[in-house]
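Take a look at the structures listed below.
Both complexes below contain chain A, partnered by chain B and then by chain C.
Moving on to the complex of A and B:
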């Protein structure tokens, strides 16, 4: 536990130092990176300790809130450790990437200290949220995380769209937190304590005593966590807030913050809630919400032409996959333990993979922005010639997110498909949800082909001349390489993370709930997943198939080279006409037009280019002297008068500083006299 | 290990037989056209010719040069998961879902070769290929999932074993019909050869491919044709079944020829659909298939 506190302290110290360092634009990034890598080493030490010698539990609370059953108590169990590992690794990569990225002209006017200090504070809050075991302080750290992320969204705040996105984010997440808080309070009324163990027993009690109220509480929790996770319809803030934030901040949201929504769902619905009829109701709800997010998020991503907005909609879609898997798992907890564990494991595995490839893609979008200064993919093209390594990384991440073997996205999606289809043998609705997931996987592929094709390949766009030559700096390359490497590693050896996830999940359930890992995932140790549910087997062993693939590729390459033909470089054939580069470009907008037209919502004259419901928030224009306007304008009736009065008083008071010694003597005399009079007055009263 | 070696044998078999199947197909098309047509071994000659031709490189990207190799490798890898006269050689390594995604990998490589070329025609072809992927793949998935639900398993051998003894039901007929139409699209035959569409966009994604690259792509298409025919036959027409491997292989080839005759008839009598028509067609087919799925779920 001291290691963990040291890690938090290092993040906080890093935040203070960066705040103090001011505008040393180069060194400030290295300080932030140093702090987060040091903290990461410590956190990983904690994680290893948890996985080798059991959960780290604090015996005595750090601080007991008097009169309230709340205490600052940390507890790192297997599930927390898993999330801690993800978050800490992302924090190192993000700060390393930010080092060069934040030097671009776009942020030249801004002071970097507010970025780095807030970023480090954000990571401190995030790891505290994962490790805390008291709901009261959970809310405090949760709120700290939300506020920090709000500040990151509105960084470079001289921009109206950013402020608007930031406000939307601020508003929606706070409404969500309010729901969380109400749910927590209802539970508190039943338990008398905010500690997780007390809440757990309160839920057991409520399940039989007041099932209706428990439904309400669970609904509030789900609403709160789903909003943070970006699940539709509550996740409407996400496609606006992500593009507004700087690329490193978007990565840290995609890599850590939205995942905490999943952490919360697992904590509440698997850990607190005992398996029973409640799990079935809410499991199905979660799975359906996930399926809606998958469909709407990804179909909307298909029509986006802003690189980061496209990725943001994919965040919604991918979170939908995770929700679908976890909902399926929760649904089958009471009836089919093995299937439930497979589904929950699939969800967390997909979460880990999602962190890898989605962060990688956000990094790639950032690198493209770094090079060409625009995010509009209609205006970019042919970047693979100047960014060859970034293009390679982008292709790996794209194949992974699209669920193409042998990359990591396929392994987790395969588990999700198997879990939903097998669940569907028992409860048919899951077949439909699973098929939806399979269909949308192809849409993901389509959307990223558009992204890759129009950003990296095709004709050079005009802005190529403006771009600096050479690939992005190494500090931006390394995070991309690390994440792409993980995509390949987890794809070829899916058993590796799955084994860990299995160990993280089983302690949440009573002992003997399922057997050991080999009874769920088969006996092969390194590469393979073999499922046996209800006598039906299915396997996905990446390594043997990859060996076959390599052999086939060698054979194909032999055929390719067998005749030893000569090569000749030549122009592209345009039907015999000389053609300007610009005329021969196939823009991002043109991809899949017939398909997009089918999925266009058209009612009379009203037409939308997608299925995404954009909610137009009414612009509230109050009259200047309206009572309500005056009431919400706290500045006007409280702060400004207060500040003015204070300033007036101080100005008046400064008149006493005349600089003449005898005036000071006079004041001292008056003061002494007043003291004497007061003393007499009080002692006489006694 | 035995499965692995058998898998390698099946890969070689598929690679060698696939052009022959296309030769038979051409002969059948010519038959329906009342032409003489090229000899059955013509595809081999075509491939040999192309492998020896000069390779033109009109684009600087890596995927432009090597996606043909990867596409052929992907489709050959999927061959080890397909039943061809016996149970799939490496079934424990992958089930129906893995098979579908390996085929998708091959399609992705075709698309990548299209988008890494500079020609707008190849971009249009790639875009069409993806739209086909979006609409044809779900039809195949739903058709196979219907069978999986019937057999309560996602492995080919279980599906075949179940189907061989179960009577035909409505959902199986719907699944079979859907898969047949989807296979025509996968084989790039009329009325669904919209992706390549020679007369329209000049082979689409392959317009800038030449020499050995084009040969590998053609070979990939032949192999894909054979594999999908094998899947259709194994899942929907498993009879008559023989214990003897050689005998069942021969039966499968005969059944393939019959299937190809059907495909050839459809190919000859239909004009090409426009891309939006094709997309609509398959979306409607998808709705029908989901109806079939509903039948399967209620047990008929």
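Moving on to the complex of A and C:
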């Protein structure tokens, strides 16, 4: 545990130092990188310790909140360790990448210390969220993470669209967190403590005592976590906020923050919630939400023309895959634990792969922006000539996200298909969800053909020919290479991450619950079907297949060469018309036109392509003098009339002071008479 | 003993000296007296026997024959410490800030006239508030209470133009009318129990207790600008920002809720019905203030309505406590401290805007952060504290309030929860929107023209930013000492 605290302290100190450093634009980034790599080393040490000698548990709380059963207590179990590893690696890559990226003219006017300090604080909050074992502090760190990410979204704060994106993001996630708070509080009132273990037993007790309330609580939790994860319809903030943030920040959101939504779901629905009827209801809900996100997110990505916005919709789509897998897992927990654990494992595996290729793609988008200064993929093309390495990396990540074997995306998607389709034997609806996932995989491919084709290949766009040749600096290359390398590694050797994932997952459940966990990929039978024919690694044999691929390719190449066909490279023929380079370019806009024509939303005059309804918040114009304002203006209808009436009455009374002696005499007489009458009245009979 | 006397004496002496000292020495006198006050407060806490959290420091039986012990005296307990911290620390900062703010360079009110008047009334007010905080019984609280009303009248009318004179008179009229109910309640209480103590209320018959408590409530509602007496507070924004911040956000309006907190903590057997009334009116006030947010074009008035809403939070918590969930009282009391710091910071930020850009109209301001980055940081911190984003101050009390509402449970709890939550969320949205509008984006003409701000004002902002992060822990400790 001290190692972990040291890591947090390093992030915080790093934030303070960068804040203090001021405008040393070069060295400030290295300080941030140094801090995060030092912290990463420590965190990885923690992770290794967890996987070798069991969870790190803190005995004594750092701080006990008075009047509330909450205590600042950390615990790193296998699941936390898995996420810690992901986050820490991302933090190193991001700070390294930011090094050169933040030097571009676009951010020249902005304060770098603000960026780095907030970024490091963000990482501190994120690792705290993962390692905490008390729901109250979980929320606190969760909100701190939200706050930091909001500050990163509005980093270029003189830009109205960024401000709007930041507002939408902060508002939506704040509302979601309010629901999380309510859910957490209801649980707390049943358990008397916010500690994870107490909440676990509270859920067990509530499951039988007040199932309705438990449904409400779970619904609130799901709402909160799904919003953060970017699951539609709650994740509407995501396509706005991601493009608004600087590329390194987008990567850290994609690589760590949105993934914490998944972490939360696994914590609550697998760890806290005992397997039972509740898990079935919410598992199905989660899976369906995931399927909706897969479909809508990816379909919408197809028509995007802003590089980062396109990627953002893919974030939604890919989070949908993870939700689908995890939902399937949660659904089958009570009925078929082995299948459940495959689905959960598939979800987490996909999450890890997603971190790799999605971060890589965001880095690529950042590199393109670094080079040509725009994210509009209509305006660029043929960048492979000036960015050959980045283009290569982009292709690897693209093949991975599209699920092409033998890249990592395929391995995890394969597991997801397997889990959903096999689950379909028990609950047919999962077959539909699984088929949907398979179909959308093709859409992903189409979308990235557009991205890669229009950005890196085709004709070099004229208007950007001024861009310097030569690839991006190595500090931006390395993170891309590392992530692309992981995409290949996890694709060829899926067993590597999968065995760690299963080691992280099985301790969430009581011993013996999963059956023989080690034989998940052994010879279990499921609904009469044999799960795996032989003891294959993580669902499919990647390496032999890859060898076969390579051999086929070699054969094809050999045949091609031996045929001795003559090749002739030539310009495209435009019927003899002298056409400028720019006019002959196949732009991103031109892709999938029929699709755009079919799928468009048309409500009256309002029309937009794609299936995604963007919510535009209406501008509020309240008039000051409407009925309600008059109604609540107590001054107007009560106090002012009251004061006026009092004044009128007093003025009327002052008329008695006429100044004439005989009038005063009259008053005295009346007064005396009244006194006498009153005296008689009160002393009657005495 | 001596420290308490000094604590009150320093501001009083400062007030008197401000009137007689030469104008050149005015800053020195003001700063000297508040520094002395702050030091005496620290001395008081050092002197306090450890562990003892309820000490009657001094008492004088000036009406022979009353059953109350220590008719005049100073009671130091966690609750009074809470208000004392607000009064003294923020008083120190506001006087410091005022030395920079009331000046010829101020773009909104470029005048140094009446600095001595301002300091006199403000220091006197600080003394009166210290008296309110330390009062061991209702009678003494009432005396100091009316003194604060008087100071408020003078300070609102500071600029002596028609608007501020009217606003000052209005505030006086409304809070004083409320004070009459306080006096009436006191008389009946004395007649029936012979005591003025806070817990004397529980000796009354339940029916009478309800009515007397309602009388105190009316006084508190008027003082804390709650529905239906809220109308004086927005008008009182005609005062200088120092006054708006200190009287109408941090200290004076807190006197009302402080009275109810005192009564609640002393008598947890206040009738359920009055708790319901308090809670419902608090919710009504919140919704009303929220509704009025949307049409405010003046940043200061927006903050005034937000103050109204946040005082309603305090009363909401206290109402929950009367309805049976004690946690609410602690949450509400904690919110006194947390809100004072956050709102104080925001008011001072608006003061800086007036000083530097010469306007506080939301429409005329945007992109202020470009020219005055420290101001943007301070305002955003204050805003986050107000909106309840952890780890800033407002979060803690809001969370406890939510917890208390849910803990109360039942139909009442859930029904109260919904408007309360709605207020939190919509208030969040609106303030975020205003923060974006004013501090980010492309600088408007007035914002681009902003002038630099004196160190004293920046210092006050800086201290308050730190306090927004620190005070919740003090508040939690104090509430823990009260038995939370």
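One rule holds in what follows: the second predicted complex is superposed on the first by the 574 of 686 C-alpha atoms of A that agree within 3 Å, B and C clash if a C-alpha of one lies under 4 Å from a C-alpha of the other, contacts with A are read in each partner's own complex, and residues count from 1 in each chain.
Convention: a residue touches a chain if its C-beta (ideal position, glycine included) is under 8 Å from a C-beta of that chain, and two chains touch if they have at least 3 such contacts.
Remember, it's a predicted structure, so these values are computed and weren't measured experimentally.
When both complexes are overlaid on chain A, the residue A:154 reaches chain C alone and has no touch with chain B. In the superposition on chain A, A:60 contacts neither chain B nor chain C. By the touch criterion defined above, A:188 reaches chain C but does not reach chain B. Taking chain A as the reference chain, the count of touched residues is higher for B when chain B and chain C are set side by side.
Within the superposed three-chain model, A:657 lies out of touch with both chain B and chain C [touch as defined at top].
Once the two complexes are overlaid on the shared chain, A:553 sits against chain B while remaining clear of chain C. Judged by the touch definition given at the top, the superposed model places A:635 against chain C, while chain B stays out of reach.
By the touch criterion defined above, A:443 lies against chain B but remains apart from chain C after alignment on the C-alpha atoms of chain A. On chain A, the patch touched by chain B and the patch touched by chain C do not overlap at any residue. Across the interface of their complex, chain C is touched by residues 65-68, 111, 139-140, 143-144, 147, 154, 157-158, 160, 163, 166-167, 170-171, 174-175, 178, 181-182, 185-186, 188-189, 620, 622-624, 628-629, 632-635, 638-639, 643 of chain A. Chain contact summary for the complex, chain C toward chain A: residues 173-174, 227-228, 230-231, 288, 291-292, 294-295, 327, 330, 367, 369-370, 373, 384, 389-391, 395, 399-400, 402-403, 406-407, 409, 417, 421, 424-425, 428-429, 432-433, 436, 439-442, 476-477, 479-480, 484. By the touch rule above, chain B contacts chain A in their complex via residues 4, 7-8, 11, 15, 51-61, 63, 68-70, 72-74, 76-77, 80, 90-95, 97-98, 101-102, 104-105, 108, 111-112, 115-120, 123-124, 126-127, 130-131, 133-135, 137-138, 141-142, 145, 148-149, 152-155, 158, 207-208, 211-213, 215-216, 219, 275-276, 279-280, 283, 290, 293, 297. Taken in their complex, chain A has these residues touching chain B: 384-385, 395, 399, 402-405, 410, 414, 417-418, 421, 424-425, 428, 431-432, 435, 438-439, 442-443, 445-446, 449, 452-453, 457-459, 528, 530, 534, 536-541, 544-545, 548-553, 555-557, 559-563, 565-574, 584-586, 590-592, 594-595, 597-598.
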